[in-house]
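Order of writing sets the chain letters: A, B, C and D. Residues in each chain are counted from 1.
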Amino acid sequence: MSTIGSEITKAGTAGTAPVRSSMWRQAARRLLKNRLAMLGLAVVVFMFAFCFIGPLFSPYTDNKIHLAQMNKPPSPQHWLGTDALGRDVLTRVMQAGRISLTVGLASMVLSVFIGSLLGAIAGYFRGICDQIIMRLADLLLTIPGLPLLFILGALLSDWKVPTEYRMYIVMLMLSLVNWPGLARMVRGEVLSLREREFMQAATVLGLRNRRKLFNHLLPNLVPLIIVIASLNVGGAILSESVLSFFGLGVMPPTPTWGNMIDSANNMIDFQKRPWLWIPPGFSIFATVIAINIFGDGLRDVLDPRPRK
Amino acid sequence: MSAFITKRLLYTVVILFAASLLIFSLYALTPGDFITGNIKLTPERKAELREIYGLNKPVLERYAIWLKNALHGDLGYSMAQQKPVLTLFNQYIWNSFLLAAVSTFLTWVTAVIIGCVAAYKQYSWFDTLVMVAIFAAMSLPSFFIGLFLIKILAVDWKLLPPGGMIATGSQATGLAYVKEVIHHMTLPVIVMTIMGVGSLARYIRGSMIDVIKQDYIRTARAKGLKERKVLFTHALRNAMLPAITLVGFELPALFGGSLIIEKIFNWPGIGQLYLTSFGLRDYPLLMGFTVLIAILTVIGTLLSDILYRVADPRVRLQ
Amino acid sequence: MSDLLEIDRLKVYFDTREGTVKAVDDVSLRVRRGETVCIVGESGCGKSITAMSIMGLVGSNAAAGPFVDGQIRFDGRNLLRLDRNELRTIRGREIAMIFQEPMTSLNPVLPIGEQIMEPLIEHLKLSRKAARARAIELIRKVGISRPEQIAKSYPHELSGGMLQRIMIAIAISCNPKLLIADEPTTALDVTIQAQILDMMRQFKADSNMSILLITHDLGVVAEMADYVVVMYSGKVVEEGEVVELFTNPKHPYTRGLLKSKPVINQRQDELYSIPGQVPNPLELRPSCYFHERCERCMDVCRTREPRLREVGDNGKVACWLYEEAVVHA
Amino acid sequence: MPEALLEIRHLKKYFPVKSGFLNRTVGQIKAVDDISLSIRPGETFGLVGESGSGKSTVGRTAIRLTEKTDGEVRFKGIDLYGLNAEELRRLRPKMQLIFQDPYSSLNPRVRIGDAIGEALLDHGLAPKEEIRDRVLDVLAACGLSAYHIDRFPHEFSGGQRQRIGIARALVLNPELIIADEPVSALDVSIQAQIINLFRKLQESRGLTYLFISHDLSVVEHLCSRIGVMYLGSMVETAPRDDLFRNPLHPYTKALLSAVPIPIPKLKRERIVLSGDIPSPANPPSGCKFHTRCPFAVERCKEQAPEFRHVGGERFVACHLV
């Protein structure tokens, strides 16, 4: 994505030296050199493949109940054993991952979208809309996260939402709680970008507001939003699992990593059948740590302010 | 300075009103209530009770009543426990506070040490190790690590009790009681510390790295001061400035208790109280708890602003 | 006048992702007691790093510490071979340093008085009370009124000029033999700069202290220096007595610098300007590093590095123009 | 006298100091306090002064980058502060500003070809196909090569970036260029190149400059008339030779004597001002310079001197002159 409005340089670059690498290609090259970040990316890709492609290879995707196979420990047929209804735990972890990752990612994208939009508006136009948005954000941030989610969860079960739609409502709930923090961060960035000297230069050149916003402010804001998003994906996945753990998120029989761990609440499963709740827990940990490490590498490359 | 405080206090009161109104209406929206949910009561009895507790009145009116009482220090009557909400809070909140205070202290001490050493030895193997450990701590789902440690330390190796504040049915008092509580407290504190130390250590490390690059650190070294003095009198004091604002944000967690930890470790704190009463739809208690946390959050924010103004001479004088 | 400081073939190389940067490449210079030596050069010529290496403050916690070679003899002791503690007792005690940005060179959250007392307590082992009294005296000595009040105030409450005076108070607190000043007045207004330069000359006269002054301003060099060293791309290209160097500059770079600086009441119509820009430190090959910008560039300049040789009385120059003269003479 | 290109009359810019509960304004920082000057077409007017003198603020309020508090600014006879936003925007290409810091005045994520050509496109000053050639011409005029067109600012040195800043202003064929300390951040050899570029462009394109600087030797080289500012007020205005050979105001004399001359062992009597520049938040009473002026008398403390004409094109604000 080379910068918007580069019609001038694109118009006739044939005769000149090869098009100089844009900021994005240079950032990508520096990222590739960061071994730790690449390891993180590899694990993330593996987890996505594991959850989305894995089930295709598993013979047990029918989720049928095999009472004969109840609560079997890990064995050659069932690498991670079976659960109380005789279903293959490995397949369920894959399917659960699909839901958890989708909900985590989707709620992050939603809250970053809402947060950035409102934050940018508040930061760029300031005045009343800044006050309204920020006061609303303050209000939401005053109410403790978990109790708020509890109330929303309860409302959810009351409206008798069919299970398959429940996932999308959970996404909405998570982004409702997350967007104020993001809005505040983006607003701060926009306020500082607005005062930068190259924005004053744009005013001196007499550029229209539209061009100042899209050609000058946005190209500098987009990398920061990507960094904020990558650092929040992990958090979103964690909060989804917390919700499911409290039985508020996606309800069984649809599996999520969170509600699979919830099974550990009954004493026997917890003590005798760790293969039921440890694999989903470990999957969350592996995915989130990989995303955080990759996100950190991304931030070093995209965020001009040197961190390390 | 005082003008700043009065303006902020006014703003705090406004926010609290808005928050309590929002919370109250949200709770009013949640389906069912203690009475209808209670199967033991006959329908007439239920109607009668609803009348007494004024549940039939419109939401705004109920809020007004609640608010009037709350301003007089009466947070209403817990239907499930048949006790005033405040006395209930008083009973359980200190258990949560004990857990949170110890773990917050440990979190801050560990984070400052790890953060500073990692920043000072930047690019060293220790720094990379610390960074990976920080990422791990930030990526662990708290309930999972709790269960995991209980499984290994309590169930398999029987080193620590799996939960509760005292051994079931023990009548220990005095020193024995204290020793027993500490024994039970160890595991939850470990988990809470792991949860907190990740992001804090990373924050302090980042702040320390920025400060070490500053000109006045170079001046301190040019003065021939011992490296220890350069680090503690000059670097740490400046690095901790931004961290001070985080102290205020710990306030809600100190008293609010952690719902997750108290559920897994069966710890008789205010968080567990909230969980059980949520199931029973015991509104007065739920409302009291949520508003209490909201108050603590807002006071926490105010506290960090004031702390920052006091700590940083550049801001203090404005 | 015996030598107080002698730098002999100093090399400071930094390893970066793109390659090795020879920031200081085989630099030698000496400072005699009671003498002011000025190192002049443009940004990136290595003058600051040369100064910082004397104090052992170069990239103290950079990714990989710089490669440092050569000798820095101060009062007969090679500073590069001293262990951290020995070097630390010299810093602030025998060699003091002031920097370019006074606004950021003082700890923002520590009162001024405290920051002056620190070296007194550390090196002279004064009690806090004695150190505080000495600090107030020092503040008065650097020309600031109401010293008691200033001692209690914080850096952000003072102007740039006053802060630089405080830095000088800290520097002279233990009566050092050598004061290193890295662009001390660059960030100050010209009327304040005049006051600070006056004061530095005053202290040098009072205590026979030597000064190593780093600057890019030829006017300041002319006012302060006894001896001048001109640096370019990490190397010394010319050095000499101040009058000789200004009236009869030898190296084309020195001559170019002197001609391209506009001088009050000596207006020229067309300002001479050295073409091109400083070479990229990563692409340096054996040659005279100034050859691309030099009017009198010869073939030999492009391939072989000229040696710094004696010329005239007490002057040196590294340029093939003078090499020939010696060969033919 | 041909009609002035830029006419500034009694310009004032006060920054309010707010404190207290209702953020009431309790004081005023008089950054620019009653400045008047006029610049004829093709002339270079130099504005000198130390930090806090308000010279940059004059530059920015003169093209309405920051709004004025009082006074009048006329560009080619047009009252700038009478225009609405759109009219002002359309007039902007005619009066350009060049910033001091080459690193922060260029957008790091925009190629320099776009940065230079963008305003032409936005104002419709040239058809799309022609823009590229216009950019190439102006790059050449500023000493940059064609292949630089699609590079990013971080690939250039300080001197080259300043050339890009000049090219960005030049491509709009402005009549007035305000240069706010354009060479202060550059090394001596690069400084000379940029100064020569300014002079060459003025001769070839008939530009008019308002040149703001704290470096008197650069100002003497480039400017035809010079104004000296101190703490928001104009203390003296004069043609270059008069000012440098025979300065009238004590501050100008002190300023000139403080500039270090690159001639060693030069014997010259120097006026070293005592004390520090007072804070603009509470300037001294009467003549603001009286606290540091070696010739100050009782009258200077009470009454601010009037900025009056003293013959030829010379103005000065001092009771003793």
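The rule is short, and it goes like this: a contact is a pair of C-beta atoms (placed from the backbone, for glycine too) under 8 Å apart; a residue touches a chain by one contact, two chains touch by 3 or more.
Just so it is clear, the model here is predicted, and its values are computed rather than measured.
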- Listing by label each chain that touches chain B and chain C gives D
- Task: Compare the CA centroid of chain D with every other chain's and tell me the farthest one.
- Result: B
- Task: Count the C-beta pairs in contact for B-D and for A-B, then report the pair with the higher count.
- Result: A-B
- Message: Taking the mean of the C-alpha atoms as each chain's centre, how many Å separate chain B from chain D?
- Response: 55
- Round to the nearest whole Å and give the separation of the Cα centres of chain A and chain B. 25
- Using mean CA coordinates as chain centres, what's the chain A-chain C distance in Å? 52
- Using the average of all C-alpha atoms in each chain as its centre, how far is it in Å between chain C and chain D? 32
- Message: Counting only residues that touch at least two other chains, what does the list for chain B look like?
- Response: 122
- Sort out which chains touch which and give me every pair. A-B, A-D, B-C, B-D, C-D
- Enumerate the contact residues on chain C facing chain B in the complex. 55, 57, 60-61, 63-64, 84, 88-93, 96-97, 99, 101, 104-110, 118-119, 122-123, 154, 156-157, 167, 170
- Query: Across the complex, what residues on chain D touch chain A?
  - Reply: 63, 65, 89-93, 96-97, 99, 101, 104-111, 113-114, 117-119, 121-123, 128-129, 131-132, 135, 146-147, 149-152, 155, 165, 168, 172
- Could you please specify the touching residues of chain B with respect to chain C in the complex? 120, 122-123, 212, 214-216, 218-227, 229, 233-234, 237-238, 241, 311-314, 317
- Message: For a test of understanding, state which residues of chain B touch chain D in their complex under the given definition.
- Response: 3, 6-7, 318
- Along chain C, where are the residues that touch chain D in the complex? 42-43, 159-162, 189-195, 197-198, 216-223, 225, 242-243, 246-247, 256-258, 260-265, 267-268, 270-275, 277-278, 293
